[in-house]
Every structure is written in C-alpha cells, then in structure tokens.
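Each structure below is given as structure tokens.
Each of the two complexes below includes chain A, the first together with chain B, the second together with chain C.
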Partner chain A sequence: MRTHQLTSALVLAVIASWSASIIGQGSAGQSVRPRAAASTTIARTPDGQPDLQGLYDVATLTPLERPAAFGNTLSLTDEQARKLEQAVADRKERLALPSDGNRAAPPVGGDGSTGAAGNVGGYNNFWIDNGTQYVTVDGQKRTSIIVDPANGRVPALLPEATKRNAARLLQTTSDEQESSDPGLERAANAYDDPERRPLGERCLLGFGSTSGPPALPVLYNNLHQIVQTRNTVMIINEMNHDVRVVRIGGQHLAPTVRKWMGDSIGRWEGDTLVIDTTNFTDKTRFRGSSENLHVVERISRIDDKTLLYRFTVEDPTTWATPWTGEYTWPVTDEQMFEYACHEANYALGNILRGARQRDRESAAKRSENR
Partner chain B sequence: MRTTRFVLALSVAIALSSGGSMLAHHAFGGEFDANRPVLLRGAVTKVEWVNPHAWIHLTAKEVTIAGEKKTLSGEGEDWAVEGGTPNTLLRRGITRDTVKIGTEIVVDGYQTRDHTLTRANGRNITFTDGRKLFMGSSGTGAPKDGADPTEPPR
Partner chain C sequence: MSFRRLLLAVTIAAVAAAGFYVGTPLSGQQQPAAYRPPRLPDGHPDLNGIWQALNTANYDIQTHVARPAMQLRPGPYGPVPAASVLALGAVGAVPPGLGIVENDEIPYKPEALAQKKKNQDSWTTLDPEVKCYLPGIPRAHYMPYPFQILQSTKAIFFAYEYAGATRNIYLKDPGPAPVDSWMGQSVGKWEGDTLVIDVTGFNDQTWFDRAGNFHSEQLHVVERFTRTSADHLRYEATIEDPQTFTRAWKISMPLYRRIEPNAQLMDFKCVEFVEELIYGPYRKNPLPR
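Up next is the complex of A and B:
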C-alpha cells in the first residue's frame, strides 16, 4: 500500500514537473494539462462533469507579481515561507495592539502613507482580510501568482500601449478598475464628474480585478461562489456582487457587443473547465489592456477542498507575449455577505465635493490676481 | 543566518512592492485633506454597517482640527468617520451592535476636502483607553478565546 502511494506520488511529481516545463510555451488558446486529482475520485454533477460548485476564499499573501528579489525563483523554501508568514502575523498583531488613548491628531501635511491610504492613513487594519499564507501549488509555496514569464512579472507594455495609456492620463478619463488617485493637483480634470472616476469608485466593478477575468485576490472580500448546470456556470463575486455567467458550448457574441467583464463561453477539456473571454469594453483596462483583451481560464479540482485556478492573458495591442498565472481556490465555510455598493457610496460624493471646493478656491485666487 | 538575512531582504522587498497591490475601492487622498488632521473625542450615535465602507457616527465633545482644539459644551458636534468593509468583521462575529450607542471613542484621521462636512477617515478608531474598537471590544481586550462570556459569538 505504501509503495503504491509512493508510486502515485512519483507519478504526480513527474506530471507536475512536466506541466511546469511546458509553462510558457502556450498562447492563450493552447491547452495545458491540469494537475488535478485522479479523475475517478472527484465529485461529479449528474451530467458527469467535475463538480466545481462551492464557496471559495481566495485571499493569499502571494502577490500577482513576484518581488524582484526572488528573481526567477517560483517557490519559497519551507523555512522562508514560515518566516514570511510569521512576519505578516506579527505585523497584524502589532497593528491590533492598543494605541495611546491620549494621542494627538496625526501630522499636518499628511502622515506619509502610500498606496490607497494616500498620505492620510486609510483606516484600521482590522478591516483588512488579505490572507495569512502563501499559495501552495504542487506542494510548494509560491512567490507569485504569475508563472510565465519566468520572472513572475507582467511583461512590459508595448510602446503603442504606453502611448495609448499616456494619452488617457492627459485626457484624465480615469476609467481604470481601481483608483490610484493621481491627486487633485496632478490631474484636476479627473475629478470633473462621476464619469471620470474609476470603475471601482463608481461601484461598477470591484477593484483589483476581483471579479476578473482574470479573478485576482485583493485586500478583502475575496469570496467567490461557483454554481454549475449542464449548460451554464455562474461565478458570483462577493465584492460588488459582480456575477459572471459562462455559456458552456456557446459562441461569442458579435464583436460590436462589449461588456465590463467581457463575454465568457466555456468548454470541458477532460476534467478542466476552460473559459474563454473576449468582447471587453475599452474601459475595463486590466493592467493597461485594451478592448482586445483575451483571457482563458482553466479551473480544475485538486481535491474536495481545493480548486486550481489558472489563467492566460493576451492582448496583442498591449503585450508582446501572453502571460499566465495560477493559484488555488480553497473552499471556505464562511458566509458570503451582501455588497450593496451604490447604497452607501458616500466616498464618491465626498471626493467630488472636495474637488468643487478646490475649484471655488482656484477661481477666488484667479479673481484676486486680476 | 544566511536564510534569516535572505528572508529579511525578501520581507523588505515584499513590503516595498506591496504599494502597487494596495488598491482599494477609492483612494483616501482624493477624499480627505492631508492638511486637516483631526482628533475627535465623543460618544457613538449611529453605526452604518454598509458596503463599500462602514461609517461610524459620533457626537464629538472635543475636536482638534489642524492643531486647533475646541472643547464643545452642550450638544457637541456630529461627525461621521469612514471605515472599511463590514464583511471582514462580520466573518469574525462582529456586528453593527458590537459597538453600543453611547460608547465613548477616540478617532484620529483627516477631514474631508470639503471642510463644510464634518467627516473624516477613521485612521485609528479606539476606546478612550486606546484599545482598538473592533479588537477585544468585549471590554477585556483579551484574544477571542471563548473565555469571555460577553464576547460576540463566532
């Protein structure tokens, strides 16, 4: 029995290394053999396909792009992973410690915080839920979600894409999925009206490609639910309650029909669900992409508690080569909660009101100078 | 030793690279004024347990804005403080009712860019003794080990 298990493990290891060796060879449309569990043991729907249904929490410490310090190293050693995960746990514990009840206000001119906290400090860490562990694939903790190219980073933008994106900045139509807040001083026109604000800020899509495709982990609300029938697979995303409906065996819509999350059709390749998505709007702009974005997702079951989610992204008008990422979707026993984003989105009003105040101040200054 | 140094270097690298991944529903710098730091002391009047951001309302009896402190007698001044997504806390068993109306809190943050609004980001929301509002909020400050009968159920 033990020999049998060892042999199975070796076979799986060989398959895994073979799979790893072919990473990077495929374009978005090419098939990659899944590293799923033995096909006879997984749960199946009445029509015989693998049952991918369930509620998954995809929060992870593994970033989409690999920090440069890792170079081409795809996996962490056990000791590295343990120390890095411990460092994150320690940091969270520190941030939960009591503050001084008699503290003063933060400094005038901002507190120096970067990212979304935008020099005013954001909010307490207890609102954040970005995972506690690095993703484990093939028994190894991963340094990045991206596995191809080998450096684990999104390929450089083509010159035409850089030019296109720069023009967007000048036009200050800020239809990105998330807000990187160029600042009133740097891009005042980006605050002229709600239509210039990012899709996430307007509650049109969750930020950070949480719904995808490709679906990526973000700071919080990382739950996805898959519901499956013979001819349709639905993926519900907690953030914004964005719902993707995948037509199994369907044909893509006419190229004139454009959608925020693209048009998704699916097919089964063995025990892997392959989802092909095109027909994006030119406003989705996934990491600088255009409306020519094409995403192929491959979802397979590793065991009864885990899916492997693999995706390849291509856009010949944005990147010279396709790129691929993969990470696991662990099942969760938590609940998915409502996300009625529009009902309480006071932030958008506050942002626009702040910009109008600035307009009034600028006008007053101009009339003073006359 | 070498591994420790390597991990340390990686931790720094990850911390530096995480700036790009620190995306959010909106950037706080667009909503709040870095030149208007506030410190508020007062009692909770309402909790809006809503997405994309929870809002905690208080009647402040002491308000410090950009270094100017005013103590308000009588009715005080109503402020609203922006937090994060309540879903994260709901999963830890914390609900809108965890913080009782009338609880005295201390908030530091920055006022909205529109100074006619009495709103700020809840950069740090604590009880008056400094404990974080949603950490150990049952009154013991202890980890949620089930030992405290007043602890909200998980």
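Up next is the complex of A and C:
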C-alpha cells in the first residue's frame, strides 16, 4: 500500500511554478473543433466498429487545470514545451542520483517542501511515474486537459455546492479532499474515523479520478485496458483494478441503483464511442460534485497507437456550466500490474492509530497543565 | 370403450418408446464435444456472458453435510456455533453439498492437513474472504457472485463482481510472472473448443473455500472452460502445489449463464463493508463490541 495523500494539485503547483518562469509569449488560444476520424484507415473489429482495444499509458505532464500563468492559452509553443519537458527530465535525473550517505537527517516536521517528492514520508522519485511529455492534440502541446472553459480551469463551485461541501466537512470525506482543497485535511475530526479519510486512502477507488469517469492521469499507475465485445466495451484502470463494463445500446439502471463509478451506457456516433454515465453514489464526489454528476466521454482512434479521450462533465447542482477536457491515450507495451490496494493497506490503520496516539498525548498534556 | 382405451394406451406406449429411442443417447455418455457452440469470427467458441456457479463449494470444496456454522466450538453435546458467528443463527449455517473435488480427496501433506484444520478452527480471523481480500483462482469462480467473461478476437478478460476482482488472460505468454499476486498471472490458449488457462505467480494468501483449504505460493492452476450448451460452461481446474499437496488434484463443476435480460455485474466493493471490522478499534470513539 502506498499512502495516497499526495495530490495531483501539488504536482500541478510545481508545474505551475516552473511554467511561470519559462512562459514567455504563448501561442494564441485555439478554438476546439470537432475532428473527423480518418474512417477508412483505422483498425476495425469484425463488427465493423473502430477497434479501441489495447493497453494505454495515459501519464502526461499536462495538468487537468491550466496553470494561471498561461491564461487562455491552450497550447505551448514547441520551444516552451521543449524547455518544460527538459526541466522535468533534468529534475528526475537529479533526483535519481545516489543519495549522500553522510547527509543530515531531515528536520523535524519535514523540509517544508510540499511537492510529491518533498517532505518527510512523501514519495521519492522512485514512485512517481507521471509522464515525460505534454499531451499533443492536433499537433499542439497542451497547457491543460480542460479545453472549455477557455481558461482551462474547473468552473467555480456554485454557492449551494460550497455550502453542501462545507456540511460534508463534518461527515465523511472523499476524493475532493485530496484533489481540490488541501485545507480540508485540516478540518476538525479529519482523523476520527476511517470514513473520514479519502477514497484513495481507503482503497475504495484510486485517487485523483484515475478510474473516472472522467478518467484522469495521476501520479503513477496510469494504465488503462480496453476490451471490446459485440455489445460491451470494458475499460479497466490499473489503480485499483476497477472495471467499467459499458453496455452498448443499453438503458440506464433505475435511479435507485448507485455505483461508485456510475452506470455507463454507450453508443457509436460515427467512429466515436460515446459513453454516458449517471447514477453515481453520493460518496464519489468528483471534485466536489453531487450524485447528480453526469459525464459524457467520447473515445475515438487517432492512429494505430493513440486514442483521443474527450469528456464533458456536468452537475447543475455543483457548477453553473458544463466543462470539457481532452487528452490522448498512447498505447504502451508495459504490463498492467495487480494493484491490490486494500489487501496491504497498512497506511489507513496506521494513520488512525497515529491519530489516537496524538489524542492520548494531547490529553496527557492537558492534564499536566491543569 | 375398453378397446379404445387399450388402443390409446398402446399408442402412447409406442410413441413413448419411439421418443425414448430418439431422445436418449445409446451409450449414455456425456460428451460436451457434441455441442457446437456459437463462435467469434476467429472461429473460437464464444464464451462471452455472465456466469455463476450453483453449488456450495465456497463453503467447502469437499462433500459435506450441513453444519451449524462456519466456525464452531465444542458444546455439551457436540459442536455449536462459535461466539463470533452465533447471532447469525440459521443464516450462518453451512448448507450441504456434494463437493467439487475429484474422488473427494485433497492430497494434503500431513503438516499441511494440520494447517488446514487450524485454518478452519480460526475461520473468521483467517479466511481472506472475511476481510474482502482478492479471491484468487479457482475460488473466484464458485463464490456466490457472478463474473463476466469479455472475449474478443484480440483479448479475453475476466471481471468478477466479488471485490471487483479482475484478470486479463494473456494470449501470448509474457514469460514468468514478474511478481506474485492474489489473482496470479493467466496465460490462455485454445485446445480445440476448450479455453485452457495456465495460472502461475500466486502469493500464498488466498484460500479455496470457507473451510480452510489453502495453498502455498507454489500454486499452479490449469483451468479448462468448455461450452456444453447455450447456457452452460464446464469448468475444470487441475491444482498442483508440491509444498502443500502430494500430487495434483482436480475440481470440476458446471457454470450457469445468468439469463436475466438485464443481467450485469453490480458493485460489490466490500472493502467499505469491512472497515468497521478492521479499523473500528481505531476510531476516536470506538463502537461497543
């Protein structure tokens, strides 16, 4: 079990700070246009549908949300992309150097850094597998996965959503805690019960919406496999071996049936697989959403090594407008590993035991002071 | 009247006899090969579907009469349910079953048999199913949950409702498993109309049932899936583990298609359901036990 407290938000912050120093003049914001697939050349299943099957590694340096420094600029210039990718490569190479055996112990409480490889107990370079390149769509390196709204950011939460999520601070916690608001970690009672811990820490779903929908790139274990039968499309993500069986031409389940990853039905629009997902649980809470979350994914084949994954997220009780992202799924020849998260989840028990130890220590201190 | 009755009776007998001749195999054999299954465009039998066992092997793969509970303790006149499962009453009883093991014998080495008995006596604390751990192979196929075979001309994948367990069947051998795992590494090939899956790379953490039957990390399972009718698969598995057993042994059973028009896997993410069991004592305010 790996602790799942590190957040893509933190990684994003690191990328943003590099970006700010490298960004000069960005290329102008491009409008997102629908793409016609080269329908005659792509591989097809015996049924004649585009063959989406394969194993994909979706790791990328492109963050979900665009660093503010890029404004409304959707694409990096080649020069910017080269510098940013080189900076990451240099950093990883530096971190991969042997450690100095005579180095001092880290300071109590950590070295103050917040990055994934920083602080005491955080992941070092070995664990991190978040890609080496920015996503390329239409020949352009992207500054963010989100393409709509134009600033590449998740729209602000509606006041009712903020209110609802604040009330949740006193209830169970969820994905929102890791991915969007580190402040929640400091909420009262955050360590009182297992149900207060993030879904990733509890091994209920991988963190950062790696399973989706929408499926997003995360810090590591970014593999997805697609198997396509006549009437289903199965999508599995490596972390935590979560399968979605999309029923082609199916009907949504009754609203009383709620699923962690929602209920997915699919249809073909030309050569694009369109997956419609509803019926989420009220515990899934993708980036602060409610159980009214509705995700539409569009998967199409760009070439024999690449899929385009596009998604639109809406929840009228959470955001005023839908928002859309897209990125590529490049094929990989890696092997998918069994991510047996729960079976070796020492972290969750230790986190709670640690909190109880802290409770005892502060109780002892209080009685001393009395 | 009586003549007409006699005639009717004779006619019925004749029809029945004819029917008998037509309908009954002469040699009484049960050859699955007689069934011609639907095929995928690559010519292999189509195993797609949602399947489930209909037996009590998950309680005990060997023949067993009903027992009061999965975990027992001595009572004044024989075993009674252990305190940990007492509240379940008849719901916690073990239903009887004829077993799935060939000749009903699991060839344990003596020390392994002793371990099996220990496992059974401490079922609630030791059975990985109690903690919602991944089930391993072959157990995943006879748990009381459906599983789905997703087969295309390029890939074969098994998705299990229990604990969201999965396994990809490699159709090209990737070589030895790089690391041990709960579900093992599966390599499949076709022998005629039978899908044969060779599974290695197991850890020693999974069990075969709720009766303490277990194995080491030397487990090697060879499974055979054969369609025997529109809605049945024959499932066989040969199990070897030189550290635990004196020889290879075999299990077999039919698997049944879930034929409900809306049959599909639903969520059984039991991880959430065992949090109170595993982490309850570390709550700020533990619930009374």
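The criterion applied here is as follows: the second predicted complex is superposed on the first by the 302 of 370 C-alpha atoms of A that agree within 3 Å, B and C clash if a C-alpha of one lies under 4 Å from a C-alpha of the other, contacts with A are read in each partner's own complex, and residues count from 1 in each chain.
Keep this in mind: a contact is a pair of C-beta atoms (placed from the backbone, for glycine too) under 8 Å apart; a residue touches a chain by one contact, two chains touch by 3 or more.
It should be emphasised that the depicted structure is a prediction, and the values quoted were computed from it without experimental measurement.
Legend: residue contacts after superposition of the two complexes on their common chain; A:Thr132 is shown touching neither chain B nor chain C. Of the two partner chains, both chain B and chain C are touched by A:Arg353.
In the superposition on chain A, A:Val227 makes contact with chain C only, not with chain B. By the touch criterion stated above, A:Asp193 is placed in contact with chain C alone, chain B being left untouched. Look at A:Glu238: by the touch rule set out above, it reaches chain B but stays clear of chain C. By the document's definition of touching, both partners, chain B and chain C, reach A:Cys203. In the superposed model, A:Gln335 makes contact with both chain B and chain C. Once the two complexes are overlaid on the shared chain, A:Glu343 sits against chain B and chain C alike. Comparing chain B with chain C, the partner in contact with more residues of chain A is B. Within the superposed three-chain model, A:Pro63 lies in touch with chain B and out of touch with chain C [touch as defined at top].
When both complexes are aligned on chain A by C-alpha atoms, chain A residues 191, 203, 335, 337-338, 340, 343, 348, 353, 355-356 touch chain B in the first and chain C in the second. Of all the residues in chain A, the ones that touch chain B in their complex are 63-65, 67-70, 77, 79-80, 83-84, 87, 96-111, 114-124, 126-129, 178-181, 183-184, 191, 198, 200-201, 203, 207-208, 218-221, 238, 334-335, 337-341, 343-348, 350-351, 353-358. For chain A in complex with chain C, the touching residues are 45-46, 51, 53, 189, 191-195, 202-204, 225, 227-230, 232, 234, 236, 240-243, 245, 247, 257, 259-260, 335-338, 340, 342-343, 348-349, 352-353, 355-356, 359.
Note for the complex: chain B touches chain A at residues 3-4, 6-7, 9-11, 13-14, 16-35, 37-39, 48, 50-55, 64-67, 82-91, 106, 108-110, 112-117, 119, 121-135, 141. In the complex of the two chains, the chain C residues touching chain A come out as 40-42, 48, 128, 132-134, 148, 150-157, 159, 164-166, 168, 174, 178-179, 181-183, 205, 264-267, 269, 271-272, 275, 278-279, 282-285.
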